[in-house]
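Chain IDs A, B, C and D follow the sequence of writing; residue 1 opens each chain.
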Amino acid sequence: MGEPVGPLAPEVPVFRELDATTAARISTEAKALQPWLVDLRRHFHRHPELGWREVATTARIVEELSQLGYEVVSGKDFLGDTPRLGLSREPIPGEGDTGCIAIHDTGRPGPTVCLRVDIDALPITEATTGHVPADAGYASTVDGVMHSCGHDGHIAIGLGVARLLRPMLAGGFGKLKLLFQPAEEGVRGANSVVAAGWMDDVDLFAAIHLGLGVPSGSVAFGVHGFLASRKYAVLLTGRAAHAGKAPEEGRNALLAACQMVPGLHALAQSSARGVRINVGVLEAGKAVNIVPEKARFELEMRAETNDALDRLERRCLRLIASMAEAHEVEHATVLRGRSGAWRNPNDFVAWASGIDRMLGTFPSVLTDHPFGAGEDATTLAGAVDRRGGKAGIIVLGADLVGDHHTPEFDFDENVLWQGVQLLTALTAGAMEIV
Amino acid sequence: MGEPVGPLAPEVPVFRELDATTAARISTEAKALQPWLVDLRRHFHRHPELGWREVATTARIVEELSQLGYEVVSGKDFLGDTPRLGLSREPIPGEGDTGCIAIHDTGRPGPTVCLRVDIDALPITEATTGHVPADAGYASTVDGVMHSCGHDGHIAIGLGVARLLRPMLAGGFGKLKLLFQPAEEGVRGANSVVAAGWMDDVDLFAAIHLGLGVPSGSVAFGVHGFLASRKYAVLLTGRAAHAGKAPEEGRNALLAACQMVPGLHALAQSSARGVRINVGVLEAGKAVNIVPEKARFELEMRAETNDALDRLERRCLRLIASMAEAHEVEHATVLRGRSGAWRNPNDFVAWASGIDRMLGTFPSVLTDHPFGAGEDATTLAGAVDRRGGKAGIIVLGADLVGDHHTPEFDFDENVLWQGVQLLTALTAGAMEIV
Amino acid sequence: MGEPVGPLAPEVPVFRELDATTAARISTEAKALQPWLVDLRRHFHRHPELGWREVATTARIVEELSQLGYEVVSGKDFLGDTPRLGLSREPIPGEGDTGCIAIHDTGRPGPTVCLRVDIDALPITEATTGHVPADAGYASTVDGVMHSCGHDGHIAIGLGVARLLRPMLAGGFGKLKLLFQPAEEGVRGANSVVAAGWMDDVDLFAAIHLGLGVPSGSVAFGVHGFLASRKYAVLLTGRAAHAGKAPEEGRNALLAACQMVPGLHALAQSSARGVRINVGVLEAGKAVNIVPEKARFELEMRAETNDALDRLERRCLRLIASMAEAHEVEHATVLRGRSGAWRNPNDFVAWASGIDRMLGTFPSVLTDHPFGAGEDATTLAGAVDRRGGKAGIIVLGADLVGDHHTPEFDFDENVLWQGVQLLTALTAGAMEIV
Amino acid sequence: MGEPVGPLAPEVPVFRELDATTAARISTEAKALQPWLVDLRRHFHRHPELGWREVATTARIVEELSQLGYEVVSGKDFLGDTPRLGLSREPIPGEGDTGCIAIHDTGRPGPTVCLRVDIDALPITEATTGHVPADAGYASTVDGVMHSCGHDGHIAIGLGVARLLRPMLAGGFGKLKLLFQPAEEGVRGANSVVAAGWMDDVDLFAAIHLGLGVPSGSVAFGVHGFLASRKYAVLLTGRAAHAGKAPEEGRNALLAACQMVPGLHALAQSSARGVRINVGVLEAGKAVNIVPEKARFELEMRAETNDALDRLERRCLRLIASMAEAHEVEHATVLRGRSGAWRNPNDFVAWASGIDRMLGTFPSVLTDHPFGAGEDATTLAGAVDRRGGKAGIIVLGADLVGDHHTPEFDFDENVLWQGVQLLTALTAGAMEIV
């Protein structure tokens, strides 16, 4: 799953200082983009789309990037025939071919820098009263779908960086990749991005998430405590039989599932931190008088380290396979989501903090911030790290109204230009743009 | 559930001989009804309705009965506020107020005789080729609903009996009740009929079912081996919690259900015959990362005797209640269907066989026929038996194409008049009509 | 397990009539043995030994048989290296090499006839008051062991037959085998007898059991309804670990067993008759703070037919193996007992009834007697049947005080000579002794 | 359980400085006791006794204390009729009435100071080669029992303190209690000590444990991370029945236990630290063909805080009670051991460190030492703390050969006088002895 990353590259230096003049220029230009950023963000907020279904969202992004003169890869060309984790159980046409990547190669030897933002919304119905987007007329127009995690802001930031950087790329060294990743919710899309090879040449990777408890005016570079997780769907197929007349002819998929669940729960006891198992959904059987032929359940495993999660996953999958055998039912396990443990490395933290000091924007820089949740960017960061590149996931402080993933969620739009400024500056540093 | 039956009545003689002349007259008149019976049957076959939803079916039956001059009780007056077992999970308006009863009191002292037919169809899509109803143009016009058990024929027979008997009731003794019962499938409707008190004064009860492996030209009076069953829906409500951050805050309804299922299965071992337990449907949980708050499952219990089933039911319900307590989840159990064990008594068999010999219709009379399934009429027969009345459930032989409850089901329409003749003759005998 | 039986032999006629004079002589001589039979029975009653441990019992039997001039095979020569089912968990020296077989070949061509009695006692403490053996001074002298099933009587009958037949064997045709089988309780010993080949040449097999609800003066030839069963010990071996410090290092054999038990119970639902599963004993773990490394349980399966039992056994063993795999524990299953379904064939019943009429002893002969329990003789009878021989298991009526397998059990000793007479007469008939 | 502690006392100052002269005198006298301490320790090492069975051990302790002139409470007077946790399943006479307390009241107003040592050994067979106690001739003389945790040393230290302090008690203020606690292993005895009221007037409590990874020459005052635990035995009583003939008559205690175990395991998932559940022992059933009437299992729960453990205990006990109800079996839960979470308070650490500096014995004083296991002294310390007194549990450094609870365990006897010196000095300080 998303594992194959090319051979280790010779290490390319990426942590380069930023010129003070350039820093000042970036600040000025980023601030000037703010009205445009707000417009963009509100556009995407009005038109939220669920993960793997971001068709219109992607079309607009591609349009903006193309106008700016980037080479853009999208549609079936973007993720090809890589596996898509966690597609809908009844997919719609076009599902799974969303998201895009913009590329610009300076033609001069240097690092490949990849910036990533995520673009999907959530199955939440937006609040209609006492809620700024509703009052200001940019609330979701799609019933039951809402940008309640801030990815609308992320898209705006990503496009802002694209716009700000474009003229600067006449100079500098190396190659820029701007990744607009689909299906972050459920930690699904990054797996396909890695499998499609987009991380194979990346020397520096940076992703950004706004909010998450960090207030406006702060930024967290020393981020750690991303929780590793795996999400599976498990399908069991037995044999139906009349429960009264010939129960022994049946192979009971419902019963098999019922024995798996406590067996799985019992695997959660561990001296490793954060080990969790949850069977969150179970559906089995069709009629009260038939031995159930089919069962389907969804399983999530978590741990604070990739090693602990790998061990747990092996035990869970073995238990499922053998218990299916015990009950004489067929089984299939489908990976539907995964995220890795992650900790931004010290050299990334030090470098990013240095660039930030040049900009002078954030009064408060956090160097020990536990993320405490999963993030699909960990899969991208982990892939870059495995090939010898550098990676960091930054939390951009933003005052919130309502919590993430609630109908009342909203964020301080003033941080949009700050995000543009920061990512642009990091890129300019790494690519030696002056 | 449908239990309350009035105090034991003094026994009223019901097993009276039939006059030969009357027998001959009934035969002649019944045969003459055959074209009308076929038309009626085909009408109901074209317009099948599921149990508790037989609105149009009931309307037509009421229309026929009223025209014949019967007092008819229908709509909300028929079953009042008695519990309705196994209503749809999302009921439609009018659901549950179907079926009716036609009454005629001779005004002369004598037995109350109740004849019952059932009127509902099944959620089966009718075959379209190589199938007489399709070829002859009277196949179901309702997608996914079909009279594939023969209840369309039962309605026709019931109306035929109503028509044949009506003029004869100028004579005779006692009272006649013609019951058109809703929701037989799932063994649901009879429970409400009993609860509404319709059996409280019945001295003789007869029901009829066509087909069931008995060929045209045969009739079974000595029927036994009706299986007792109970069907329950079980609802569990716990407390949702984030499965990663605070699993101990959750009260896991899915896990509770998973422990109940093997516990229930283990109760099926018994020296009593035919004891069975099946959990045929289970649905729980909403999201993979949430401790599941809700679970719902459907449970069926069976046994060959009412006693064994009663004991089993007590143990199952106790296990569910206590295991819910063990997992700190709320529970509710909803009875959705029930049928009783039953064996036609010897005096009924002897009497009916005698009447039948007067008619001379059936070359073959079966006196030891195991039914081997559940029938909602057992609930009615059992209620009549408990008050001291007499009851019998008759299988009317009919050659079949395709088995009951299949898309190819069809039956020999020629038996319709035979059913009318038989039920009319039994009634005439019991009510001393000459 | 005890399966290999030689190739089918050409059928040898065994159901021959008995000469009236011989019948009379057998009656007279059997009656004369009664005081000796009572002495013998009381001797064995005083000195009961558990199955596979009948060392002194066997020695005494061998002594008697040898004095009568039979060739006797005993000790290690009797069962060789065949598997012994259900040995004690801590066997004592000599355990498993008990029982014997006496052989006499007439040298003249004819059938091989095998009579079988069983010789083991039960782990029951005999009653000391209000109990004939105690009052008459022949109660068990071994604490906690008692002949409370009547096998002491069976031994006496077997030796009586040996004594009565010995001089008659100067005449007749064929070969006689008198089998004194060990370890009938727990249905264990017959398996080894078959495996050792003792049934490979048997044309007629007869076994006898006294009591079992049949009163003195009756005999049952038409016996059926022997229940097939298998008994297994299951051993699970996981890995111990400190339950507080490193639970994930453990592989929990106790938990594995706990999931197997309800899984096994759920396999008992069947349309086949008499299907049962019981886990009767479970022992697991050593200390409250250690993940349990070991578990051991004992499992019994039953059914009314060998086929149903075979299917059940396959499912149970598969469930155990796969659930062990699911919990990552090693498993071993050890067969500890088995019995087969059996029904005495009609020709045996007819022939034995005819011989019995010659004797005139039993006023009442039962031809439809359900046994309703397991008997180790079914394994012997089944083996003889599979090779084309004839077999029957006879219940010798005997009034009882107390039930079988209780401390108060005692039987009417007067039936001893009747048993001798019957078995001798059947043998004399089959071997054409005059 | 050991809960009732008297009303809060007005706080009595206990953390008083020690006079330098007194400190010097204590050092000198403690060193002089070393040969006597070694003799005592070796005596107890030769004669180890398991918890609640320390009969000879207690007799010797009482003898020593009485000779020194202390009032000693022992035998039935010591713990009265308080519950004794974790008695043997087949107790021997005298079991449960071991341990003692020596008391001396100065008659002058001041604090009540209680020092506690523990006196029981473990069910371990001592090593016989390459092991100092074996080579030097003082190995255990009791097969299968060994002082492999160092409690023999604790007794010697306790008696040394008694001897050293006795003459000093002519001066000073308040009251001294020297507690020789039985049954520390399994965290059992302290519960009875509290229930008997011995902690009700204690103003300062100190306990000591040697070894535990702290080397000779070090002492740990800042000790924390004691794990809270509860240990229960659970007894289930159902109803036996013949598993073949009437399984529905049985109430299966084995099956009930088998469903409880995974249910209990599933309660271990928690965001609280160190939550663990283990069913370490399970025994059920008597015979393979009987529905098991009895089951017994042992359960341990752990957590890092008393609150988390209390919540867990409530859920476990509720699950057991309700699942017993579900399976219609009686249940009884017997608390067999308990320990509390604990952290030595800062003022105790500061004061003890100060006294230690006066003595100058230990080059290394640890102020942040996680204990990482359970200790019965936490129950005593907790009781003192609840009434407003001060308490501390000290780890006395001692080089070890072999780990605690192994056959090779041995410790550096040179630390004995150091322990005497330290406890004497703390007491002298608190009681203002000069």
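Observations
Throughout what follows, a contact is a pair of C-beta atoms (placed from the backbone, for glycine too) under 8 Å apart; a residue touches a chain by one contact, two chains touch by 3 or more.
Quick caveat, the model's predicted, so the values are computed rather than measured.
The most distant chain from subunit D, with centres taken as the mean of CA atoms, is B. In terms of C-beta pairs in contact, the better-connected of the chain pairs B-D and A-B is A-B. One inter-chain figure worth recording: subunit B and subunit D are separated by 70 Å, centre to centre, where each centre is the mean of the chain's CA atoms.
Here the spacing of subunit B and subunit C, counted between their Cα centres, is 51 Å.
Each chain gets a centre from the mean of its Cα atoms; for subunit A and subunit B, those two points are 56 Å apart. Residue positions 245, 247, 255, 259, 262-263, 265-266, 269, 276 of subunit D each touch two or more of the other chains.
Residue ranges on subunit B touching subunit C, taken from their complex, read 262-263, 265-266, 268-269, 276-277. Here subunit B touches subunit D in the complex through residues 245-248, 252, 255, 259, 262-263, 266-267, 269-272, 275, 311, 315, 318-323, 325-328, going by the rule given at the top.
Residue ranges on subunit A touching subunit B, taken from their complex, read 227, 229, 231, 243-244, 247, 254-255, 257-259, 261-262, 265, 274, 276, 278-292, 295, 298-300, 302, 336-337, 372-373.
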